[in-house]
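Here subunit A shows up in two complexes: once beside subunit B, once beside subunit C.
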Partner chain A sequence: MESVMRQKRKRIRRLPQVLAYGLAALAMLYASYSLPRWLPGDFVTAMYASSHVTLNAEQEAELRAYYTQQKRFGRYLADFFSLQWGYSYAFLSPVVRLIREALPWTLLLLGGAHLLSMCLGFLAGVEAAWRRGSALEKAGVGSMTFLEGIPEIGTAVILFLVFSLHLGWFPAAGSETVYLERSGAQRLLDVLHHLALPFLTLFLAYLPGNFLLSRGSMVMVLKAQFIETARAKGLPPLRIRYAHAARNALLPMVTRFGLRIAFMVTGALVVETIYAYPGLGTLLFNAIAVRDLPLIQGIVLFSSLVILLVNLALEFLYGWIDPRVKHAS
Partner chain B sequence: MKQGTFVAFYLEPAYEGARQIDSGGSYVIMRYAVRMMMKKAIVFSSCVLTVFFLVCRPVPAVSQVQEVRIGDSKGDWGYPNPFRHYPRGPGYVRMSWVFDTLVWKDEKGYVPALADAWNYDAGRKAFTFHLNPKALWHDLQPLTARDVAFTIEYFKKHPYRWINVDHIRRAEVLGPHKVVIHLSKPYSPFLSDIGGTMPILPAHIWSSVENPRVETDPKTFIGSGPYRFVEFSKAQGTYLYESFDDYYQGRPKSKRLIYVRSGQPMVSLIQRQVDLAVIQPDMAEPLKKKGFVVIRDERGWNKKLMINHRKAPFNDKRFRHALAFAVDRQEIIDKSHRGFAAPASYGLLSVNHEMYNPDVPSYPFHPEKACALLEAMGYEKGADGFYQKDGKALQVELLASSITTAGQSTADRDGEVIKKQLERVGIRVDLLSLEQATTDSRVKNWKFDLAVSGHGGISGDPRLLNEMISSRYGAGSVNSARFDADPELNRLLEAQILEMDPGRRKEIVQRIQAVYADLLPAISLYCPDSTAAYHPEKGILWYYTPGGISKGIPIPQNKMSLTPKQKD
Partner chain C sequence: MRLDIRRSLMNDPWFLSGALLGLVLAFLAGAGPWLAQYNPHDMRFPPFTPPSSDHWLGINDGGMDIFSELLYGMRNTVWFGLATGVSALCIGVLVGMACAWFRGVTDQVLMRLAEILLAIPAVMILILAAAFFRPSSWMLSMVLAALSWPTIAKAVRAQALVVRKTLHIQAARQMGASGGYILLRHMVPELFPLYLIGFAAKARMAMFMEASLSFLGLFDPSRKSLGMMIRYALPYYYLDIWWNWLLPPIFCLTLLIMSVTFLAVSLEKVFDPRLKEAL
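And now, the complex of A and B:
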């Protein structure tokens, strides 16, 4: 009985938090509805004004009337919940379908690079902090600080020039060799072959931050008294490192993960452009270039909702990772 | 004749052998002779059979390569049907593989496409087209004159923005393969704008399509062109076409045609991921060394300095002339384009155009003349070296952005160079580098002073002059000067559209160029070099079409490159 009551109290305590996220989602919905309209220019001008099709005044007015039909916010909300996110002016395709087609490539490239760099960066940071003062740690910190200073575009260009142009080991563009008849395994290898350079670029861009952050957190944790106690108890070093210290150094990493999700769409744009890799970033870039309002709204909305959802999930995850958070709340 | 020679060639060694064995016994000689005769008979009959098979076996007219891959930096240009491709050159070209027009252009000029022959009757103001009886739709239905008439009616109801069918009064079907198109008044760009641009639609499919812009039925991709549309991936920006083996001009040269998105065309070419791609002119030499063929376009695209001639001081012709004298076009070419461009004609049409007028007013770089013109307008130089009038500084705003040329967007420093040049003369300049859609929007709404812009088509039909000068034709274009202030120019523009005689039209067009260059509502700056490269291994000759594909698209992807040549 008491446990049921406790659960109920916990749910009631969580309610304002969930409500706050709901309000934020509503604000984002409104922002995604109204902000793209503030962009200078319009679809008809962007699409037709410098094309081979020279419109006369009458044709232009007709197109403008067709493409500038305003939707009220209430209608926009209703369409949003019924997953009718509109029809792209430029791509002549439903917005949801366009996002669905581009999303797997973004998840593969950005999600993969993000996750791997976080895992390896965290492990390397923990190990470096544990070996503080050693030559290995100094070399690690030095090289990671150097890498942190190189922007993605620099890494992308260098890798491209060396491994694609000069050595010819990796393809210059695309996510796979299209329209080839081959087995599933061959296709997988081809996709990985195309993924290698853009993935490495992003991995090298994300790794140093994760390494330096986890090393810094770990250094602080290792100074705590409970670590001294664990050492005094004669616990194995591996257990002290990961079960006692690393778990407490994990929180900033989780927060960083949530923040970096915000770069899911825009973060890979440079890399996607250099390697002609498909993804949400390229889709958004093309949509902005032609002022394709329904598509811009759709992508902005989708990415902001993903950020909200991930951060909401992390709120719950914090308590699970570090019970002190639960007690504090 | 050939067979006789062939037999003699094989008999001679036998006589030689017989002479050698005369020295032995007669039985041996007989056996040897029989053996030799049999051998000869076998060799002879096998050779005859070989010749027979070579001569009589049905051999395809043109051998087909497995696939051709074309690289493109953007990738997505819409679905390849008339209502779903983007209104830019690459979109039209992707559609043109699937849908044929009545006539087409190859490297020499107009050639028959769906129409075998055509003629114009001035008295009736009508074009008569005789269709190729072999023409079929991709679903193997015959293509007839009814389809042509239907297409015109359909485009009247559902406008296809690439063409204007307002000049067509009606289409008359005079037989299964003969159609007469009656015009409401003479229309000189007919062959370029309608005959060579209007994709013919299958009546048996489109007659039931009510809303073509959103129609997704796969049948709406059935055309009569050399390739069938198979697949398009928006996410990847790739297209797959397959050859239409019953094409009326013969089986296409490649079994499959593939478009792939390529951020770095040169590397994609070197890695043989693509067979053809547009390249930067600097890449030409390294690619030539690697065995690629580099092709160059004629001067079909020009960069312009747009002027807001509706407001002071730009509405004064002297001020526009001063601007032209102040701009050093060669310096822009050298500093911003590493020399890979040529100064454009102030008369707008390309120097390669058959109606180009070399005797138009010109404005070679002359800062002193620019200063003199400004001073004649009442401007005085202040202590800071900049002009002012009535205590107000002469200050202009210059908009610059990366312009898309032939589907490829390239950044340049034109705005910076022009700013420096104008400031050297004494005109203070605020340079505003904006993204293209924003610049276009401001130019469109006349919220600018000067803007760097550009467009192609200057080697195509001279109707372009109307579109790029008059607001009656080019109201929707940001590249059009929309200059209607001169009645003489307006009259000439109307006259050239109505003049069906090429000689007389040329005279009018040349006069237009001269008047335009004098009034100078916009300043033509330079024509950049357009280059592409392909590997010759597949035996396909790619070329830039003189005057551009259709209405002047400067892209080297003419479908005639993959179509067997017609017999003379």
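And now, the complex of A and C:
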């Protein structure tokens, strides 16, 4: 939907964009700082009375003190950046440690699925645009649009029922077999075995978006005059496709990434929960189930900041992919 | 030109299948209270009863009729999507038009705000708000709308800036038409296709989020929803009830998301002039 003109203008204003990310991060931090302070009355009793966690009097007093302390926003920021994110009374552990334990699994699952789906989706999209009008391309677009309509909850539960429960090919929960001492290679295989189903689910969820987007932009690029020129010069098709066209088709994928991230994160939360994969999503699910406020807050804030950082990094990657940006600014 | 668009929409299989699915589901959701034989909150039936002629999809663990639950759940999901879509659209159009019309400081301030909101992951704010305040689903839908208008506003603004310079707008101005008249009679109708695209995209996102967040347990537990049905059915997957309890909500949710996705994809394809050539 973004017109070429708007993209050009966007490229020129990169500094304000960076500033916007900074402000967004600050807004998230402030929301997380001020929201508990708006809570009415004795919410600690109200919240924990309806959860399965029982606090003893001392813990309850500590928690109440944590949420009613008159902390300045500056102090809150300082605490946040020195990793003092509070204490989880449901898991009896500091929030930071819980997040640190869960993070690698989420990175492996989410990062892996995203990278693979992006690479394959992009390649397939470029090839499809090149073969426009052929039966293969039409079938590809059709099946990908169809796949785009299936939410992660659906894919996850169906794959789980078929491959884990019915056929028993893959384990139903966890990230590796516990209480088992194994050598490196065997452990790796075990981890991959556990990873397979959630990874496949997320891959299937991310692939169609990448494919459709890169195909659409590649079709536009192939109409440009410089492609005509490249053809007229008699360059080999493979070189035209990748060296000339695909690089330009890559740009919308980078700009659209920020918009798609909300879908991706929400989907990943659900998928991790269904396969009981011990990442941040499952941790958040458990925290919500027992209304563990400090942990919810910690995970939400941490993942928001990571998302903002990824977006910011992409902003710079954008300049690197498209040298015109560098010259413009 | 309008006729052209209608014809190409009618010829697009994605639009047709999406609209057909959407109509059926909208009917089921709209007529839910009349179609359901039982109150979905009624807990007097024997739990885990298999499907029978009285209870088409059987009874869940809490003694509630699954078919009635399904209809009410779908109704809630659909309403959530529509409400969020409409509100986001209204804010987006208002802001986009204001930016294009007043320009200058208004434009600068609102667009910077839009950029900040675009950068903030909306799910995270929703989770935070839902976990701390346990607001009603309407409140959450408004929060989501308040966070997701920027894409619509940006698209509307860009297009409105172009339309503003066209001859008939200039002519209306020359004839002394007021700003409000031009905006309402000329600019707002002119941008029509953009609204459909924006609405479909937002409604799709909202339904997806509602299902996922209610699956995670962030909505009022007494509110029926497809995501929550899946959540409650999942722990019993080892029993032989998954096909009448777990699969129906998944099936309905998938059809729902599919219908909106097809509509969104097809609208974008037909109305976006650049993409129209591409496809």
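General remarks:
Note that in this section the second predicted complex is superposed on the first by the 256 of 329 C-alpha atoms of A that agree within 3 Å, B and C clash if a C-alpha of one lies under 4 Å from a C-alpha of the other, contacts with A are read in each partner's own complex, and residues count from 1 in each chain.
Here is the rule we use: contacts are C-beta pairs under 8 Å (C-beta built on N, C-alpha and C of every residue); 3 or more make two chains touch, one makes a residue touch a chain.
The shown structure was predicted, so the numbers you read here are calculated from the model rather than taken from an experiment.
In the superposition on chain A, contact of A:I274 is made with both subunit B and subunit C. In the superposed pair of complexes, A:A289 makes contact with subunit B and with subunit C alike.
In the superposition on chain A, A:E101 contacts subunit B only, with no contact to subunit C.
By the document's definition of touching, of the two partners only subunit C reaches A:T145; subunit B does not. By the document's definition of touching, of the two partners only subunit B reaches A:Q59; subunit C does not. Look at A:Y87: by the touch rule set out above, it reaches subunit B but stays clear of subunit C. By the document's definition of touching, both partners, subunit B and subunit C, reach A:L165. In the superposed model, A:F263 lies in contact with subunit C only, and not with subunit B. In the superposed model, A:T177 makes contact with subunit B only, not with subunit C. The intersection of subunit A residues touching subunit B with those touching subunit C, taken from the two complexes, comprises 39, 160, 165, 273-274, 288-289, 291. Across the complex, subunit C is touched by residues 1, 3, 5-6, 16-17, 20-21, 23-24, 27-28, 31-32, 35-36, 38-39, 145-146, 148-154, 157-158, 160-161, 165, 212, 216, 219-220, 223, 258-259, 261-263, 265-267, 269-270, 273-274, 284-285, 288-289, 291, 293, 296-297, 300-301, 303-304, 307-308, 311 of subunit A. Those residues of subunit C lying in contact with subunit A across their complex are 14, 112, 115-125, 127-129, 131-133, 151, 154-155, 158, 197, 205, 208-209, 211-213, 215-218, 227, 230, 234, 237-238, 242, 246, 250-251, 253-254, 257-259, 261-262, 265, 268, 272, 274-275, 277-279.
By the touch rule above, subunit A contacts subunit B in their complex via residues 39-42, 44-57, 59-60, 87, 90-93, 98, 101-102, 105, 160, 164-165, 168, 171-179, 273-276, 278, 283, 286, 288-291.
Interface residues of subunit B facing subunit A in the complex, by the touch rule stated above, are 67, 71, 73-76, 78-79, 84, 86-89, 92, 159, 161-162, 213-214, 231, 233-238, 240, 256, 258, 260-264, 267-268, 270-271, 273, 403-404, 435-438, 440-444, 453, 455-457, 467, 471-480, 550-553.
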